[in-house]
Amino acid sequence: MPTFGFTHLQFLLQGALWTIALSACALLGGGLMGLIIALCRVSRFSVVSGIAWAYIQVVQGVPLLVIMFVGYFGLPALGVPVSPLMAAALSMTVWVGAYFGEFWRGAIQAVPRSQWEAAECLALTSTQRMFKVIIPQAIRSATPGTVGFMVQIVKNTSLASAVSFIDLTRAGQLINNSTFQPFLTFTVVAIIYFMLCYPLSVLSRRLEKRMARGMRGV
Amino acid sequence: MLLDGALVTLKLAAVATVLGFVIGTFCAVGRNSNLRWLSALCTGYVEAIRNTPFLVQIFLVFFGLSSIGLTLSAVSVAIIALTINVGAYTGEIMRAGFNTVHAGQWEAAECLGLSRAQVYWHVVLRPAVERVYPSLTSQFILLMLASSITSQISVSELTGNANYIQGVSFRPMETFIIIGAMYFGLALLMRFAFWLIALVIFPRRRRLGTSI
Amino acid sequence: MNTVPPPEASPQSQDIVVLRDVYKSFGDNAVLKGVSFSVKRGEVTVLIGKSGSGKSTALRCIDRLEKVNQGHIEVCGHVLTDPGLKLRQLRLDVGIVFQSYNLFPHLTIGENIMLAPRSVKHLSKAEAADLAKKSLAQVGLSEKFDAYPEQLSGGQQQRAAIARSLAMQPKVVLFDEVTSALDPQLTGEVLRVIERLAEDGMTMVMVTHEMNFARKIADQVVFMHQGKVWEIGSASVLDKPQTQELRDFLAHEL
């Protein structure tokens, strides 16, 4: 029985790279989705707003694992073939989109009413208002929380292991099957995750403090 | 079979909520303590849990316990892992709650002769919980959703059972849509339960209708 | 009704509070620079002075809410600078009433008052309730036993806070600007309670801006200025100040 050695560590690090890749996909896809959802939520048309609201409620009320299974088992049953990566990326996009959508909606609505009015009085169209005046300000207040949520994204990619995606967690499981040193293996896995997540946590907290200081001057 | 799974999910959530709350409260007290090693230990605990995936934590508990010779049922392992996890997040929430209690309350209580532990129990705990109650209930509902992950160590809770069913019935979409609705229902049930609990433990709010 | 107190066994027991050469700094900021005064049993001592003169700090030092950097403080036989000091024993002998009342908002007035007697003195629920009712009667709030603090006016809350301190039967009560946060109309009811306590022979140390009240009840007036005891004497110093600083201060207050 091989003991945990350098080759195993390399295998784990490869898995970690895939974790980062999946996180990036989730961030980009979910980010785009979130932006769309947030804009729908603040739209004037109550139908659009309602659909977005329902989307958020459903996705937030269901475990991510279930969404993953829907993507991995459900889509093929409907005739759409998916690889583990595709299923995982799609599921995470849906999931991240809902959380970002809700969070960014809050940030947009937190921009003072006076800003909206000032932009209107400058004869900007509603699209220009949104993208040139409101969103830049919303980004400022939303950044700490968004960075904080990135920690959640990285952690939740571990669920992709349940749909056979070879991320860091799955790599750990595979190694465990050959070395039978589970505690050591998963401790290393945990440490790698920690090294990925902790800097993001610290950054998020620092951004929050800086924002609190900055706001006092406003 | 799905109903059995739902019951297991509820049981996991309920037990872990209670135990996790106790641990989280002690963790928050520990972080505020004057003993530096205790404060550092609690902070380390919270950071370790918050920066690692729950699935990995479950595996560590599962394999860790078996490596020291303890063989427990999957449900027990799940409860332990869930408790450790939610304890860290609850600790953060309770710490914020404790900070909302003014220093003047502490001074008044200590000047009446109460010990530190008595001040926590009689003066700080209930107002703190009342102030962070929404955060706490959200956290515990998230806990219930996270219990789905314990299906990965073969706990027969809702998601685990659903996975089995869809495997043998070849109807994944229906199965998962149904359990999606069931999780929804469970969340509503938990919200109702927390509302009832609030009526009991916050007599002031019940009588006066105001927030603290 | 002047009852002569029986002669004490030891000569020191007349002085229930003693401060000697007390120094206290917060970081670089020196707030108390050599404060000395003492309070006799049954006496009312009033600390007056501008904000920043250190009077509140000196008061808080008496109940060990602040630790002194240098000097000697003795309260009811407890030496506060002693590292072996039993803080809870001290707090049983000293009661303090704060400017912002600090009532516990999640407990009724009755529960507020009963908390310490039950938890610290281990009275039964019935005994504590009895004690609480008596304390409330003393401050004229008997009907508020089951009310919550937010249902009371500021003056009533402060009287309830006084009742809470009295329920522990302290040997000396400290009052830290207890009327400063109140509307002028509500000040009177609180001062009347304090006056009655003084008549009953309670030893008190008060920080206040109410000069007329001080004139009425003070046995000793301590005027503090820039962290030192600038002038000290009976209530007559308020009418015949010896130092210029006290004269200026009194002129401002009127």
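Each chain gets a letter, A, B and C, in the order it is written, and its residues are counted from 1.
Just so we're on the same page, a residue touches a chain if its C-beta (ideal position, glycine included) is under 8 Å from a C-beta of that chain, and two chains touch if they have at least 3 such contacts.
Note that the coordinates shown come from a computational prediction; the quantities given were computed from them, not determined experimentally.
Peer 1: Specify the contact topology among the chains shown, as one of line, ring, star, complete or other.
Peer 2: Chain contacts: open path, no cycle.
Peer 1: Based on mean C-alpha positions, which chain is nearest the centroid of every protein C-alpha shown?
Peer 2: Answer by centroid distance: B.
Peer 1: Would you mind checking which pair of chains has the most C-beta pairs in contact?
Peer 2: The largest set of C-beta contacts joins the chains A-B.
Peer 1: Distance-wise, how many Å sit between the C-alpha centres of chain B and chain C, to the nearest whole number?
Peer 2: Whole-Å distance between the two chain centres: 44.
Peer 1: In whole angstrom, what separates the CA-based centres of chain A and chain C?
Peer 2: Using C-alpha averages as centres, the distance is 57 Å.
Peer 1: With chain centres taken as the means of their Cα atoms, state the distance from chain A to chain B in Å.
Peer 2: 23
Peer 1: Help me check something: in the complex, which residues belonging to chain C touch chain B?
Peer 2: Interface residues on the chain C side: 63, 65, 87-88, 91-92, 94-96, 98, 100, 102-107, 115-116, 119-120, 148, 150-151, 161, 164-165, 168.
Peer 1: Going by the contact rule at the top, pick out the chain A residues touching chain B in the complex.
Peer 2: Those in contact with chain B are residues 58, 61-66, 69-70, 73-74, 77-78, 151, 155-159, 161-162, 169, 172-173, 176, 182-183, 186-187, 189-190, 193-194, 197-198, 201.
Peer 1: Touching chain C in the complex: which residues of chain B?
Peer 2: 102, 104-105, 107-115, 118, 122-123, 126-127, 130, 202, 204, 207-208, 210, 212
Peer 1: Which residues, counting only chain B, touch chain A once they are in their complex?
Peer 2: Spelled out, the residues of chain B in touch with chain A are 47-48, 50-57, 59-60, 62-64, 67, 145-146, 148-149, 151-152, 159, 162-163, 166, 170-173, 176, 179-180, 183-184, 187.
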